[in-house]
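Following: one structure in structure tokens, then a few remarks.
Chain IDs A, B, C, D and E follow the sequence of writing; residue 1 opens each chain.
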């Protein structure tokens, strides 16, 4: 029996994980979202294999703003580059920004929100005033301040993992400006969770504050955090565009956001070049929608109230 | 007796919330001011951006003095700024020479308020009603349609939605004007002009409203589907109320609590809520001003806009607190 | 019934005070006259405040005849005294803390003036310290003395708004200005050639050209400018619309950061004329025009744009022809070889380098397509010079490329544009070491500066042309700038409302033309 | 009293919850009212003793429990554990060692379990956080032991279950198992059985009494059910509006109550087949607010036997028998 | 169906009522063939283990089952008329004016955002067609009846103590002068003094207004004090039914016996109470035969195979093989 017992806890955990995954993967929304996301990740991982090297004005072959055809499935842009080629090559940057910025904002937002809600008192007061400030401050102002500092510190044209340094500035800026919303939501949720009796119990049985936050509060916040993550993703892809023009973008490596703004500046809307406007937009929409769907499914799966109670 | 207590209680709430709001606003204003001063780039350079001939050091100094840049940032400049702001004096614009920042902002404010305000009203009416109904009939056809489409709208950025709307309703079909706030050809006569204005308002309002509707549907639906499981709804059913009466008298008010929070938080953005949408539609609101000021690094104007934005968000938070207190007698 | 001319443009006028604004040139030029102005020198029928002018043999005494009986738009007489006032108002501010040097009406050039007087109502006399063409090449807007005489200098460059309705002598008077939205102008009933036949003009201000193309198609606009190539192509298919392209003074250039101390670029090579010259062979101006601007530009050659007909020269004898091998060979010769065989060239100290190219479009300029940058980066890459590109909005570009003394510098290459008047002084402005606003290469050459100051002291056109030619050749071989192209302003107007547009220069870039003669159909 | 030495001693314990005053009051530093949830409580619990704390809803029972387990900070008075003053002990190491000795069973078993944790994790949590075990094998052993002690057999069957997979009684026992796993010297059990049917109730009480019998563990049993208190406890303490009104052996309190409030409580207890006890008239009036306590004896507004002295002078605890005190002027006679 | 009062049709007659939870997959039969009658003015207690189906029975009678529940058998007759308990709209006229419910948690059962007077007045307006003024007056009258001063009528639920909320709920249940009040554990969370007040009130009202009461509780002493009859439920079935006096004095069913034995009573001497051994039955997979047989001290072989019938025994009914029904016209328990 003792041997049996020893094996129980890991098995219990595996069972929990399995059950969670089973339930999660059965969700129609989660399926659609995952398939969509995996598709884009594959696209982002091997653009050259899919559509060949990135086209620039030098090796562009198409006509100016040609509508979709057999040769250019998604038409061409104003310098004759194949839009499909640009989209596929833009996926890497857009996805990197969206994912990393989301992670940053979720980590910062959850930490601040949780600390603020859990400790209360002056910790709460000050953290929330800071949050309010970031809530009000638009991302580009922050970018104006951070950019030169970071560029000064890190040098102007270094590369990390094949990404320009300025990309990380963008990610940092987006992360820093979008966490405040997450923090507010997490805090309000934490306030109600910390009043639950099981937190008191955890304290009485000697758990430290950190362990209470990580093991008791955080799991109960997962739905909120997941749902908000999806929103940050949607925002990040577009905020990147506006930040690009503060000197953070690389016109040689267009992201989806940059493509959209190029399309806008080329007058695609009034010249009726719907493919040029539509393609990057639909891609961005699909990525953020898949995050929303996954977030929703996480919410459904994690929410005990939505689980059938025997 | 109970009334007396609750009145005391409300005034205490109000007082606390007010103090918090004022403190937040002060901090926001101060940091705002300091941040714009520490941004690299000499403001004197901005001031003399247009200078053609060589500029003497004396002239630069004169400009610095003129704009109060020669004095210590803290506390002198900050205090002056806060004191002036308190009197509604936000200083002069770098770019729009001779124009007071406050003037510039208030000139643009009506257009933005018309746009975002109308969009909010439409989104609130449409989104909240749709969301409440979807939550009430959770799992039904309307719920499914509303949920899926609101999720899609939720994740569609306003900027792109705006361009899509222009291409569809303006460029291709020509049904509605896609840009600006009035058609150049409209006569000055008032009725025509109003009609024309409304026509121009249609697409931008749609772009902002559609994005918001998604948000409201999601929140209202969640709130409602929680309320219908509450025990007091069973009480209402036990009392023999019709579905309509249950929905109107019991469910809606309770479900509105989180929705009201969202509404008031969003109200804070009425002032500067639609920068990208305004830019796409060439709507002459605060958004356009922000973009222009940003391009010219017109810090006084940017500062003014953020102060206004900060004030309205703080005010909206205050309102949210109070509205919550009125709607929900339980809150502490 | 007469209709209002509806014009749309990508413009952002900021203030109606010509002493304080650069961005409001567009509506102001309809309301105020230059004394002569460049347009009047090129087109006999587009006169300014002066009806005629002459210069004495000493080349320093200029006499201008003002239109007799001319009136300001408020009915008060407009005389030589007003012109003298305008100049002397500016001149009086020189050296003061509030010197009027931040707007269209600025003190530049006035330091060479001895006196400006109005012996009578119709005569203006300008005496310069030395011979100079400044009296006819300046573009100071003539303002009425009775409005401005009480405005202090501090106010004139600061808080004085000059609220509409303006008082000017142009054909269309700004009657209403809603910042960021529109400027409404009414015909000047006292205009010297008679009240313009149209019922006025409304000038719509936009951030992008989309609404303009849209408005032209739907019939909401009569005229639009600053269209994109895509829109222009689209509109040219429309039977009711006439499209046009105008040569203007804009030059798009590639500048090298030639500063050697504070604000210098990442490599010393940038300070080496041989290096810059070699790069000049790696730039294909024709390809830039064809691919990036879709033909809506002239290929760049020298400092002078074709529209400055007095000074333009195609420099055919010294012109660099696109040839990557030639560029590579010249780089090799100049000492920038790829010594370690990694495909990237090293500088003279043997360090490999990468150049940072900054680019962006300044306010009030024709946009520089990013394809230009892609092409340049591509070519330089092919000759072993890697380039990273940073795209900036106009504010960031402005502060990044400001003189090192103002915190700028630190970049290597700059692709940007400039739009100055076609006067000799302005044409050479890019190389003027004293011109902090325009000399973005931070280039300083004593010989060039000497030539420029001679140009400034020359009133004779022929001599001036000779000096300009010398200076242009000098700067071409020294190559602090590679001129990429001279882009066109693309515009279009509808056929169905007004006649009198003219054939070329549908809307003059330097004067009120043709707003004084548009007639509704 | 099985052991003469007290394991826990509360001296003049006070817990006041401030009522936040208005803006101006605060700016002027004017003091505002307070809910006096616990107001000068003296209580001691001996080793291996079961003390029942009874009183009506809102009398401060749970608050006392929270102070003892250091979930709430008292406003005044002292909390002594094994003679050491724990009142303002905040250092985390001292608190951790205190948790070794004092555990709590929470009132609401549905709330006290994290819905996302398995039974094993819940019971193992104190063992892990108090570092009572060295390895996984030992951990499993201690968890099984605790579950078995709480009557969940065989323990292995419950390890992987989430709270929602347990019945109400099982949940309550998981909470108890968590407290037992620590092998504390004192357990504060806050109404552990009020919401359960008699059968499950009996099961749980049996476990607690067994523990006392076997491990000499002390128990502070919080309830509002007097018969139950009598059944399980050695002594009963009766709380009224944050203050002890009577304390004595279980039999003394049940059969020889000396305070009118205790009498009222006993009278109100429904009896199977028995009618209300005669003698003392029923209580009148509402329970006064803990924020605005009456002068004198806090029970006088409802007391059927109140006389003038009660309205002005607060009675002290008066010894009425061996280890039997009553805070009533009537007891003086 | 036996009828102990053949002269009169009972107020409420429940025949073989069964309710399943969970419409998909394995249904959970929460109550299985529950039958009983309720006369005008009678108070019946429903007693049983947690999860034995007491609340389900009450909710089924009131037609308030949760959406995932299904009435899988049986009928409910009210004054001889069949009640459409699974048709929400058809039940509407019956609700509150005939049967009202005091829900288990009064805090949750009151709408937190409306004043209590309004909530009490609401059914008066809708059901009795009163004007707002009349209804408010009636609400205040009812509040005073349950001992809440009229001036507290403007309070919101959260401003009241637990006992007051319970009384508001009771006042609300009385609003339309119903014939039946179903009280689902109305006193569990209360201290004895408040509990005694409420029980007294219910007793008084019963005699004054002649209303019938179904009282669900764990507390047998409460049953003893305020009810006429007790029904003991086990695993979704009624196992014993009789007068209070009878059942407490002489319980027949082994479960009842054990239940009563576990009540502490100082009068009985200080004996540690005994829990009923074994675990509650699994409702999805009920034990064969008598559901109680795995825990029963006197199991016989027949108990494991055959479901005992609820038959008449003495003045009450019992479903146990130890007490075979005395008469032939007994109730057949739904299989």
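What we mean here is this: a contact is a pair of C-beta atoms (placed from the backbone, for glycine too) under 8 Å apart; a residue touches a chain by one contact, two chains touch by 3 or more.
Owing to the predicted nature of the structure, the values given are computational and were not obtained by experimental measurement.
Common neighbours of subunit B and subunit C under the contact rule above are A.
Taking subunit C out in thought, with all other chains where they are, everything left is connected by touch in one piece. When chain centres are defined as mean Cα coordinates, E lies farthest from subunit C. If you average the Cα atoms of subunit C and of subunit E, the two centres end up 92 Å apart.
The centroid of the Cα atoms in subunit C and the matching centroid in subunit D are 87 Å apart.
Centre-to-centre separation between subunit A and subunit B, using Cα means, comes to 24 Å. If you average the CA atoms of subunit A and of subunit C, the two centres end up 44 Å from each other.
In subunit A, the residues that reach two or more other chains under the touch definition are 264, 269-270, 272, 310. Counting partner chains per residue, subunit C shows two or more touched chains at residues 208, 210-211, 214, 393. In subunit E, no residue reaches two or more other chains under the touch definition. Looking at the complex, you find that subunit B touches subunit A at residues 23-24, 27-28, 31-32, 35-36, 38-40, 151-152, 154-157, 159-160, 163-164, 166-167, 171-172, 178, 275-276, 280, 294, 302, 306, 309-310, 313-314, 317.
Those residues of subunit A lying in contact with subunit D across their complex are 1-2, 4-6, 8-9, 11-13, 15-16, 196-198, 200-208, 211, 215-216, 219-220, 304, 307, 309-310. Across the interface of their complex, subunit C is touched by residues 56-60, 64-65, 78-80, 156-157, 164, 166, 244-247, 249-252, 262, 264-273 of subunit A. Contact residues of subunit C toward subunit B in the complex are 6, 8, 12, 14-15, 17, 20-23, 95, 97-99, 101-103, 106-108, 111, 154, 157-162, 178-182, 202, 204, 206-208, 210-211, 214-215, 218-221, 363, 393-395, 398-399, 402, 406-407, 434-437. Residues 48-51, 161-163, 188-196, 199, 218-222, 224-225, 248-249, 258-259, 262-267, 270, 272-276, 280 of subunit E touch subunit D in their complex.
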